[in-house]
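Would you mind keeping the following structure in view while I ask a few things?
Think of it as A, B, C, D, E and F in the order they're written, each chain with its own count starting at 1.
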Amino acid sequence: MRLQHMTWMEVEAYLKEQKGIIVPIGSTEQHGPIGLIGTDAICPEVIADKAAETLGCIIGPTISVGMAQHHLAFPGSVALRPSTLILVIRDYVLSLARNGFERFYFLNGHGGNIATTQAAFSEIYAETSLNPGWGRPHIRCKLANWFGFQPVTALCKELYGDRDGSHATASEVAVTQYACPEHIKSVPMEPAPPRPRAFLDADDYRSIHPDGRIGADSFLATPEAGGKLVATSAASVIEDYKAFMAEA
Amino acid sequence: MRLQHMTWMEVEAYLKEQKGIIVPIGSTEQHGPIGLIGTDAICPEVIADKAAETLGCIIGPTISVGMAQHHLAFPGSVALRPSTLILVIRDYVLSLARNGFERFYFLNGHGGNIATTQAAFSEIYAETSLNPGWGRPHIRCKLANWFGFQPVTALCKELYGDRDGSHATASEVAVTQYACPEHIKSVPMEPAPPRPRAFLDADDYRSIHPDGRIGADSFLATPEAGGKLVATSAASVIEDYKAFMAEA
Amino acid sequence: MRLQHMTWMEVEAYLKEQKGIIVPIGSTEQHGPIGLIGTDAICPEVIADKAAETLGCIIGPTISVGMAQHHLAFPGSVALRPSTLILVIRDYVLSLARNGFERFYFLNGHGGNIATTQAAFSEIYAETSLNPGWGRPHIRCKLANWFGFQPVTALCKELYGDRDGSHATASEVAVTQYACPEHIKSVPMEPAPPRPRAFLDADDYRSIHPDGRIGADSFLATPEAGGKLVATSAASVIEDYKAFMAEA
Amino acid sequence: MRLQHMTWMEVEAYLKEQKGIIVPIGSTEQHGPIGLIGTDAICPEVIADKAAETLGCIIGPTISVGMAQHHLAFPGSVALRPSTLILVIRDYVLSLARNGFERFYFLNGHGGNIATTQAAFSEIYAETSLNPGWGRPHIRCKLANWFGFQPVTALCKELYGDRDGSHATASEVAVTQYACPEHIKSVPMEPAPPRPRAFLDADDYRSIHPDGRIGADSFLATPEAGGKLVATSAASVIEDYKAFMAEA
Amino acid sequence: MRLQHMTWMEVEAYLKEQKGIIVPIGSTEQHGPIGLIGTDAICPEVIADKAAETLGCIIGPTISVGMAQHHLAFPGSVALRPSTLILVIRDYVLSLARNGFERFYFLNGHGGNIATTQAAFSEIYAETSLNPGWGRPHIRCKLANWFGFQPVTALCKELYGDRDGSHATASEVAVTQYACPEHIKSVPMEPAPPRPRAFLDADDYRSIHPDGRIGADSFLATPEAGGKLVATSAASVIEDYKAFMAEA
Amino acid sequence: MRLQHMTWMEVEAYLKEQKGIIVPIGSTEQHGPIGLIGTDAICPEVIADKAAETLGCIIGPTISVGMAQHHLAFPGSVALRPSTLILVIRDYVLSLARNGFERFYFLNGHGGNIATTQAAFSEIYAETSLNPGWGRPHIRCKLANWFGFQPVTALCKELYGDRDGSHATASEVAVTQYACPEHIKSVPMEPAPPRPRAFLDADDYRSIHPDGRIGADSFLATPEAGGKLVATSAASVIEDYKAFMAEA
């Protein structure tokens, strides 16, 4: 159930029963020769939708532009600075908390968002930590990566082994092929070389990863594998979200 | 053509031919008893998609959370402060300008975004105005409201007259019914009373507009009317975007 | 009655009777070959003073530097970035609200301020919208342009027709000639060409409007016309301010 | 010569000869039972005008709202936070520097502004200090207090001795009586007690200085004394400004 | 070699040979009944000093206050908000980069700093990523936790097994006992219970960890173990720093 | 008693007796050919430690990087922008105030910090001044320069007369020689010329002070003089801190 497709009265009724929400957070950035620019937003969105069928929880609007400064040397990439993304997450969470949402489950599709999102949670908590008398509502935030659950990493390993890579991975491309079969691309490419070292800024990234991939043989992706990955990740989300809601 | 569904190589090729992009900008906020919370994002998105069929231009990821502080007393509304939204628009534009986009056509679905979006454009321009030697690329931003073109206001008038109202309008609800027929809602409601005065903050808004609508008989909406509105607005966007691209 | 010329004890007494204040907001920017750099601050100030004779209300100190990034290619222009002006308006309003002012009537002299001032109002409201428990005072802000009242636009039309233009207008120059007769300038100039398109940043503005005017035959200004404009605008302000104070 | 009363073409001509400007900076805050709220802006403004008669330099628009948080418990006081005032000064200076102004002489009327103004200068310098390659123009800022020149403090001592005090001083009230003879106030008051200790925030200030004065027998002020103070301070400004312009 | 104990001429000479620096980053926060408030700053500092004996590199001044909002319900804890710490790290790095430092090795003592420090690196990189023409120097930042090297975690395991815990750990207390033998504390305490769940803000932290420890039997610490940990971690730092300097 | 060497339980006990803390604040910047880069942090730290022996008060972690933009043309200098330092001081003070500290005595070692630190205090106070209902604790901040007490300036005069100078002074170098006898440097240098004028940004500073000193014959420093200076300044701090704690 997408928040975007509900009315405020439906949300009001929901809040009498539940206090949680899933917020997909992604990125808009190059994903190599065949990966979609929207990959990191599409993946958590499709998995969240799948999980919500079982959970009956609300899915908030996807934060589709994330912290992707390192991809900016590739056309089409869009990035928020960390300081901007912190403010976006803060306003997003405080808006919903204002009317009774208490538990925010961010389902993330982009490694580059992890540090900034966790910093944003601390920024939110810091306001009540510094000002305990302000009476802000009790907010509980959690970040989960769709690709980070043990059953998902096991499946990726089984499907692609080391050739999955770490950016423009075969597995994330597979998920988008499953989610958007009308946008499957085909471009000849070599197997990706191993990652030489950590990247720095955008020019540096492009200089060491000229076609955008990091150690990933994206061309191994298939929509079928994508479907399996969605099902596997959604199952993990269901379990993890339930545990988060059940926390004392 | 959605940026999210392209590869960076496709964008690179596009930039050899064109320098423009349409950015749908909306909001996530109550729209009365039957209007969808995502109305203001859904409308410009569906119209942009329609226009892009003719224009062949890229549609960037929708900015789906906007400046909606006044709706925050209704559950499910999400708002960025103006100062946050200014930073989001700045980072979004500068990211794309970095690689060659020059003309940014923001197609807006929410009256509350207008002032802040224009302030954001000035914030972007101010950097080069204050620092002419920095060699930033030539950026040209334009804001257009899907509901503000003359043919669209004429059609709204014809369809609903004064009963269209100014928030949760019959016309915007109609567009979402056309775009999302699986999410058409039905709740009994009275005709909306006229607007007493301008609203202030969220509590004030709810106190003068208890069900969220401003002078709008949303229940008059039909998907058929929505289809006409989409076609009419898209035609205006096509013309307006072409003129924007053709500007000297 | 200018706030600057009162004592705090007089203000304390005033607040027992009234809660309103007029805040002139202008700009410091080129106004073509004969327009004063201070035009946009001088105009609302003289009109506010005139209106206050009848209204008996307080006039706050003029915000004389506004959002004028687009004029920065002309020497003598001064601009606050939108993000700065938002903070100025916020601090200004919250300072006065702290001791009992509740209704803030911004009388504006500069089109470039409109979007940012409205964004500033939303920034102020957003704090209570996001934090309803903070017990901030009830603040109500309104923006009115001295040149925007129907009787004023009618008078401009009558006086100058289309030759009034949109920047360095004959009418605003006339108001300053009335207000500052010792500073009437005379420089030969041609009738201004029509506006080719919207301007962007400062260099762009100067490239399309080389002497600073936008479609304005400033040389038509006379102090007599200025006197009429002041009287007409002040009459509108009186009416509008009274209505604002009377709002439920 | 006030910038507000010039045209951009006059400023352009001026910049071929000179690179300096005087910027009056004041405050809008209580000044005890008879001191005007605008005292700290009026004083540097009238002195700057006087000095400019000799210097032939430009006087920029007065920054009339300053850092006055400690006065906010008295109605009519308006304050910018230090962080806001820093941005205002930065934008003001960079705007003028953009077109050729190089030396900024801030003539200050308010002790509370000193620290923040100097911090603002450092904020401006820090940009080039951290980024030497940016090619910003050579900016030189100086802060002078109208009341701080030796001949002025000597005259205050001669006129009022210790009874001049440190806020709502007899001498600053005298200057406003000279500048605004139509706004001379009269309220019975006792001699002010000595200052017990430094004030903190606004409530603290009012608790230790109930009528707003700090050790000042404001009632000793006369417009005649004000005239002498203006002449004396202006003479010092003339000398000091010339030395500033002559610096290598 | 501590930067604080060098002259600028010595640094100038150093920069002709090397471009690297180690920056210890810690926190000032409760560490349970016997852990020092400065633990997280003391540990990386002593280890950096030890490593520098071999490396001959410069140790910058310790960032001793970090992101510790969650500890603020315990007296003596000091925290920077993430947004503040990002600015501190940015200014620190850009200052040194200005004169030729290129590789910044942050040796961290506090888990709570990790996300924000990485966000800060991205904030720094984002400036060049968004503005490739600015000509900023090539900056390379790396974060390493003194407690995170494999030989260190192995030693902790060997020394304390699971009883080491995750805050106020026996191992970090041991390091401070080694570094500051004159400040070894002794307070009776029970073995710490297991961690129930992730903490949120400060009040939440204290409610689930009443004496401040997280699963840590701090009382197992000895200065001898501390000495071994310092030696082990310093050996890892030496190797890791050398690899960082050698990166292409 | 350094906060860093205490436990939270010890701080909790302390707060039942006292509410004060000394915060050394310094800088990391060039101090001429023989002055240590850490001079301005080392001096207040050693003096605070000495004073605390008598006072029995807590010494907070030193803010060792300050506002030193003007030194950035010399390698090894590190500076926070004023806007950053204001945030650091705000977070530092509010963190400790949260649990009961009320009086903050900043012992400063760097002239360049003065304005920004005082602006920071005002920034802190401004929050309660603008929002009197927020119930923040009563915070009282004071800034004292270790070198500014009358007995200290008298001793400097006696020791070095005018040759002490104003940066890299013989007296501050002497204090570091006393505090860090293992880091006494020796470089031949001429007597420093007098200061030509106030410096601006970093390049300007270096152009007028090529070896970093301002009018200071640093080579006159001896550790013996340093010891006397520490004792003299500490005695003044003791008296001043007691008076601060005793204030009504």
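To be clear about the criterion, a residue touches a chain if its C-beta (ideal position, glycine included) is under 8 Å from a C-beta of that chain, and two chains touch if they have at least 3 such contacts.
These numbers were taken from a predicted model, which means no experiment stands behind them.
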Touching chain A and chain B alike are C, E
Based on mean C-alpha positions, I'd like to know which chain lies farthest from chain B. F
Residue numbers at the chain A-chain F interface: does the shared fraction exceed half, giving same, or fall under half, giving different? different
What's the distance between the Cα centroids of chain B and chain E, rounded to whole Å? 46
Whole-angstrom distance, CA centroid of chain B to CA centroid of chain F, is 53
Quick check: what residues of chain A touch more than one other chain, meaning two or more? 72-73, 79, 81, 83, 91, 95, 98, 129-130, 132, 134, 202
Chains that touch, pairwise: A-B, A-C, A-E, A-F, B-C, B-D, B-E, C-D, C-F, D-E, D-F, E-F
Per the touch rule, the chain C residues reaching chain D in their complex are 2-12, 15, 28, 30-38, 41-42, 60-62, 64-65, 72-81, 83-84, 87-88, 90-92, 95-96, 98-100, 180, 183, 185, 187, 202, 212
Can you tell me which positions in chain F touch chain A when the two form their complex? 91, 94-95, 98, 134-136
Complex contacts: residues of chain A adjacent to chain E: 67, 69-70, 72-73, 79, 81-83, 86, 112, 114-116, 118-120, 122-123, 125-126, 128-130, 132, 138-142, 196-198, 200-204, 247-248
Write out the stretch or stretches of chain B touching chain D in their complex. 129-134
